[in-house]
Amino acid sequence: MVSILKRSLAIITILIIGYWLAVAMSHVPFGQDKMLVGQYYLNHVKDQTGAINAVTAIVVNYRGFDTLGEVTVLFIASTGVGALLWKRKRERTARVPGSVVLTTGTRFLFPFIVLFGAYIFIHGHLTPGGGFPGGATIATGFLLLYMAFTVYEIPHKGFEVTEGLVGMSYVAVGLIGLLIGSYFLYDWIWQTWHVGTVGKLFSGGFIPIIYILIGLKVGTELSGIIDNMLKEGVSGND
Amino acid sequence: MINEVPIILFVPIVAGILAWVLDVKGVRELIGLAGAVIPVAYLIKVYPTVADGKSITYALTLGSFNMSFTLNTMTWYFAIIGAVLGLTMALGMVSTAKSGYNWLFALMSFTAVLGVFTAQDFVSFFLFWELMTFASFMMVLKYNRHASLKYFILSVIGAYAMLLGIALVYARTGALDFATISQVFAKDAQLTGLSGMGYHATLTFSRTDMILLFTFFLTAFGVKAGAFPLHVWAPDAYSETDQSYTTFFSGVLSKAGVYGIFYVLLMMMGAKLYFSLGTFHGHPLFLYIIAWIGAITVVVASFLAVLQEDLRKLLAYSSVGQVGYILLAIGTGTALGFSGALFHVLSHAIFKGLFWLVTAAVILRTGKTRFEDFGGLAEKMPITFAMGLVAVLSLAGIPPMAGFASKWLIYEAAIQAHMPLVAGAIFLGSALAFAYVVRFLYSLWFGQRPSDLDDVKEAPAPLLVGMGILGILNIVFGIAPGLVVEYINKLFRKPVITGNYYKMITPNGTYNALSVTLVLIAGIVIAGLLYVYGARARKVPVTDTYQSGNPVTEEYNLSIRRNFYRPLAEALDFWLKYSWDRFYERLGQLSEDFADVLRKSVYNGNVQSYSWYLAIVLLILALWGVL
Amino acid sequence: MNGQYASLLIAIPLISAFFVPVIKAASKKAVMPFLVLVTAAQTAAAAWVFNEVYTTGKPIIVMAGAWRPPVGINLYIGHFAALFVFIVAAVSFLLSIYNFKTIKIEPIDKYAMLFLLLMLGATGMIATGDIFNLFVFMEITSITAYALTAYNKTGEAAEASMKYMILGGIGSSFFLIGIAIVYGSLGTLNMAQIAQLAGSMNATAAQAGLALLIFGLAVEAELFPLNAWAPDAYQAAPHPVTVMFSAFVVKAGLYAAARLLYIMQSVGSWHSVLKLVVIMATLTVLVAEFSALRQRNVKRMIAYSSISQVGFIALALALGTQAGVDAGVFHMVNHAIVKALLFIAVGYVAVELGGAEMENFRGLGRRMPITAFSITIGSLAVIGIPMFNVFWSKLRIILATVDVGYTWAAALVLIASVVEAVYYLRLLHVIWFEGSGERITESAALGAIMLLLVALVIVIGVYPDYVWNLAQKAGADIFNVAQYIKNVPLMGVGA
Amino acid sequence: MNCISCINYIIIGIMVLSAVFAVEWRDLLAAVVGMAAVSLFASLLFFFLQAPDVAMTEAAIGAALSGAVFIFAIKRTRRFETEEEEKPGWWVRW
Amino acid sequence: MIEISAYYFGAIALIMIGLYAVLVKKNLLKMLVGLSIMETGVNLLLISIGYINGKSAPILSEGIGPKQAVDPIPQALVLTAIVIGVATTAMALSAAIILYEKYGTLNIEEIRRLRG
């Protein structure tokens, strides 16, 4: 059988490749201290960024470029999904309404979910979490709305414009850094003014600001993706 | 610094561009002519300098390659041949070219050929080589696309082979200019010679390198020279273009290949090739190969020329064959042979140029190309006929024409080099040449004239001037071969062939052109007197042929104008089945089929297969990493 | 002006892309002109950067957030990046005009965003000096490319996009594994520091890491047999996007691969990796040229030709000599110009005559003379006729290849080039000597673009010195890793 | 080896197993659930590896959202891998 | 044989299972599931590279000094990688939806209009 042959070939192939990777990884010892740049971050994160969560500090501040790119990737995904699934006229086709438990629960839970998401991204510099999980949580809230109600739709225009404006604000924050500190994505809040005390909510320089922006952006974008995936084109297929 | 060289080089192409841009009838002809005359004038002007053994160099930098062009004794010889032929081409084109397009590319190839001849480094050599190919391709393209495609593909193969050769030379020597490379080769040849005697030295070029270089360059130059078995493009390309241009195309462009073989393979790396590749029957192997390629080219092309029914095709095959003579002469490997080759370069250029101009005139006036449509044109175009006669005599190697002098040298060289088979090829080729020029002579000029050719006029004046130049040159160099020989001796810096203006003395014999001429003239005078006073002409019908017992039928009707050599074709039937042309077509077909299979199986549209490709690459990486 | 303003190269397209939804909310008609404006601004910024780098002779190091590398991410805009960022911007500018004619399918605002972000991704890939940041920009580029490939929303487009996604997904996953191995061994992500420390890596891990990094990028850089997505994507994508693919997206991948290759040159098995890439590049040229031979769809044919040229570039870059890298960069520039010209012209024909099938090109010489002329010049240039730009770079590549001793590779790619000459000639034959039809009025703007590119082809062909000098500097930028390390102001961290 | 560290091995085992199931189950919905399970177990492992941020993100985005998106896609296409699918016995039929 | 940590083993196993799915499964969505699993595996690999025995999460609240935390960089990288992964998945799924609309199948052996 061709299929069995293919499967066995595939298994042999992946075994060899896997063995190779394993050999390579065996020279990268597990559980040992291999930090070089990482230790620098841990040593200086508090005084240089004012954040407690080193991961957040790296994501937003030290390696801010990556995060800008990451936000862009998500933006591309939402734009791309929107472009691909674009139809002149579309609506939701779900026919089965959610059960009573789901609808009631959603009505009750939705504000809390959004609030929780906001909490996650506002406290990104102090506790685990940050803009991405926070935004995803908010999107989950909208997902619940979509599942519970057959006619619910997010305000598209508003969401799209928010998406754009929030993204622009992110870049603008970076450009303000360029103007004030002459470096793009310069942490102008913490580096110039040292606002707040380390460990409190009002600290961490521009990390909370950016995480709020990211949270909003991720939330709107993921909701947009969900919205696009759930709606189908009607009447004519252009 | 502006000296004569850039003017000689670039005037033609500038004139060509101007002619193309202006493209007004009358103006473009004037510009084009000027563009062709100026190089000739300048070349004549610098003659005293180069004849003294001095050289004139022009250097420029392009793409941070240093390029230089030099006129010296050697390059001037080729350049003047090119320029004179270019001038006659331009004269011919005044009558035959109908558009600026022709002028542009004809003059572009003029520049390109001069560039090839004068280039002193491989970059400019290659650059102008390609320009030459491109320009001539464009000329052929306008008239026949299939022929041009064949020409183009073979030229591209040749060009890339040359590129590889150049790259290999560059890789080993780090230089691209001829002077340095020649030095390296010379030194390396000495070392090779020494290492053959037990002395160990690190060589710049290994034996493999030399084999590769020889193959690459021979392919490259062989294509352009039309050497067997790369000749297949030539008959079509020569015949299917503006005939005035063919004057230049077959007379000079093919010489670029000869020049390459002579300069690069012989003068530059000859000694090294000799030591690396060894000898065969006491003869340097690489020269032996060249000689045999030349001999086969002569025989094959001459046979095929005999069998043609189309005027242009006949001359085209004849051109291929004549270039074979030159290769053969080079292959003898003696100074005499080289002299003969160089002389034949000149004489072939002038008689074949003359041939094509005559053809151009005939085709211009009659619009016909097949022998069966011609006849009796001698009355209508007497001067053209006279010129055609000169060309025929010269090509067939009848004294006192230039063709005889050079061919005689080649015979001498072949005999001196103890290459009897090759010499046999020359004799066979000569006999065949006689067979086909007879056809040209009779069917065009004599016999009954078809009624639609009754109002044919004499060729236009510019064309006649061009023919005149070449015709006179044929006779002058025929009667006074010493003019050429003296110059060639300067090239070798020693008298290879002694004698005076009218007399050539080689180790094996003597040819006194003047006395032969005088005897010949005397003979013609006597024969003429006999004809006028003694003989009575007998009328013969055109259909009175030599069919040796075969009944004359409609389809087996052999006359001088039609299927004259059909019995020969039938005799050669077995050989004619094998055609390199068809072989190449078949090869092309096969590679296209292969391409289809490859394409359909590799890019089969299934993304899973594509993922497998990735997995296989990973697998290779993994196996290579693990093992 | 401060060198840090070079970060505008990233900021301008990004902020403009985010601005598009706002504009669309105001007026949908304004989107396309906005695109022209943005790309013009980007071109101006890139020209400024280019001028800055080439007059001072020093690279611009953009340090995001004022963190010195390796703590922060830096952009390294050296001679190569400055040159290519400019090319990216300039080509995008031309294409933003081309968009008016070729993009009719909705939603145009999304197209505009993706267009800008593709430009951004290529710019970032070329400019970045951090290996993970490279991954991020690579993903930006490729995800945008996925979306744009499928933009026409036909079955073919979705199919091509899907193939691209699956292969690109595998590639990027393994690229990330490569990053993981390198990071695990060295503890840093900055390219200059990696270059410094690469010699100290464990040989096995280093080999695997390098191999995986090159593998991941080779998918983007279209090396055989990882290039199977490319012809489909080129064919199915909207015409301006195809131009972008061939003019700079693939170049960005090639550059990244070359950069990583030379950065890791103190790794023990470096020469074997180079040899592997040379083999793959040679195969790329061969297979692509033969595949193009009997192609009936002209766009696909030129796509294959583009892939083969990419093989040429990869061959040159993988030679491991200064001459090779210079030649490769030179070919990149020339190829960007020529292929932009060809794809623009072919796309225009496809728009006007309803498809890029060979039949539509019959009699093009009479129907659309300017376009036909452009295609002719482009084809002749690609074949490598002297006095057109590609000739010089091909010559350089062959010289460099044989110089290293890969005569067989040079011979094979030249055989493939003969095939290339054949099919381009066939195309020209169809254009000029077959069929006929009524004249179509050609758009003046597009004619101007095409003639501009034609002029570039010829000018560089006749006077290659200027661009060759640029290419030499840019090549030195890639090849001279010691200088690269010196240029990046590394702070002593840990070590 | 005490059983506190055993739990790592168990979770890794279950994760790999659910990955195998996710690949082999012919019901795509089940496969997606398997995939989400892989993500969830991976996020547990992230917790063990002292990466709470990543664990949260993986749980929210990797498991929940990408699972949801997959399910929507399945809803708009088809649920089973091939046509003759409703028969049981995935473990015998390769 | 070589000795590697169980985490590495798990990660490599996930990557290979994902690759297997891409290589063998004919259903498009199944291939995408495979890609997704592969990405999870890579993420796990990165995080386990950053882990240091006996140290705690890099959140420097009271009691945890710079010397007591694991490497934060891989965690930052994986955050990015996860988002990129979901973005790719969403794109791929929408392309799959279009494909199903146009071709009526998700069998990749039938989605072969572009070839040669």
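Assorted remarks:
We call the chains A, B, C, D and E, going by the order they appear; numbering starts again at 1 in every chain.
As a working rule, contacts are C-beta pairs under 8 Å (C-beta built on N, C-alpha and C of every residue); 3 or more make two chains touch, one makes a residue touch a chain.
Given the structure is predicted, the values throughout are model-derived calculations rather than measurements.
Common neighbours of subunit B and subunit C under the contact definition above: A, E. In this assembly, the chain whose C-alpha centre lies farthest from subunit A is B. Ranked by how far their CA centres sit from the centre of subunit D, the chains are topped by B. More C-beta pairs touch across one of A-E and A-B than the other; that pair is A-E. When every chain is reduced to the mean of its C-alpha atoms, the one closest to the centre of the whole protein set is C. Between subunit B and subunit D, the centres computed from C-alpha atoms are 76 Å apart. Subunit D and subunit E have Cα centroids separated by 12 Å. Chain geometry summary: the mean Cα position of subunit C and that of subunit E are 27 Å apart. Annotation: 67 Å between the Cα-based centres of subunit B and subunit E. Residue positions 7, 9, 13, 15, 17-20, 22-23, 26, 31-32, 45, 48-51, 57-59, 69, 71, 73-75, 77, 79-80, 82-84, 86-88, 90-91, 93-98, 111-116 of subunit E each touch two or more of the other chains.
The multi-chain contact residues of subunit B, meaning those touching 2 or more other chains, are 599, 603, 605, 607, 611, 615-616, 618, 621, 625.
Listed for subunit D are residues 51-54, 57, 61, 65, 69, 72-73, 76, each touching two or more other chains. Contacting chain pairs (ordered by label): A-B, A-C, A-D, A-E, B-C, B-E, C-E, D-E. Of all residues in subunit B, only 61-64, 123, 126-127, 130-131, 134, 145, 149, 152-153, 156-157, 160-161, 163-164, 166-168, 170-171, 212, 591-592, 594-596, 598-599, 602-603, 605, 607, 609-611, 613-614, 616-618, 621, 624-625 touch subunit C in the complex they form.
Those residues of subunit D lying in contact with subunit A across their complex are 51-57, 59-61, 64-65, 68-69, 72-73, 76, 94.
The residues of subunit D lying in touch with subunit E in their complex are 8-9, 12, 15-16, 19-20, 22-23, 28, 31-32, 35, 38-39, 42, 45-46, 49-54, 57-58, 61-62, 65-66, 69-70, 72-74, 76-78, 81-82.
Taken in their complex, subunit A has these residues touching subunit B: 10, 13-14, 16-17, 19-21, 23-24. Every residue of subunit E that touches subunit D in the complex is listed here, in rising order: 6-7, 9-10, 13-14, 17-18, 20-21, 25-27, 29-30, 32-34, 36-37, 40, 43-44, 47-48, 50-51, 55-59, 69-70, 74-75, 78-79, 82-83, 85-86, 89-90, 93-94, 96-97, 100, 106-107.
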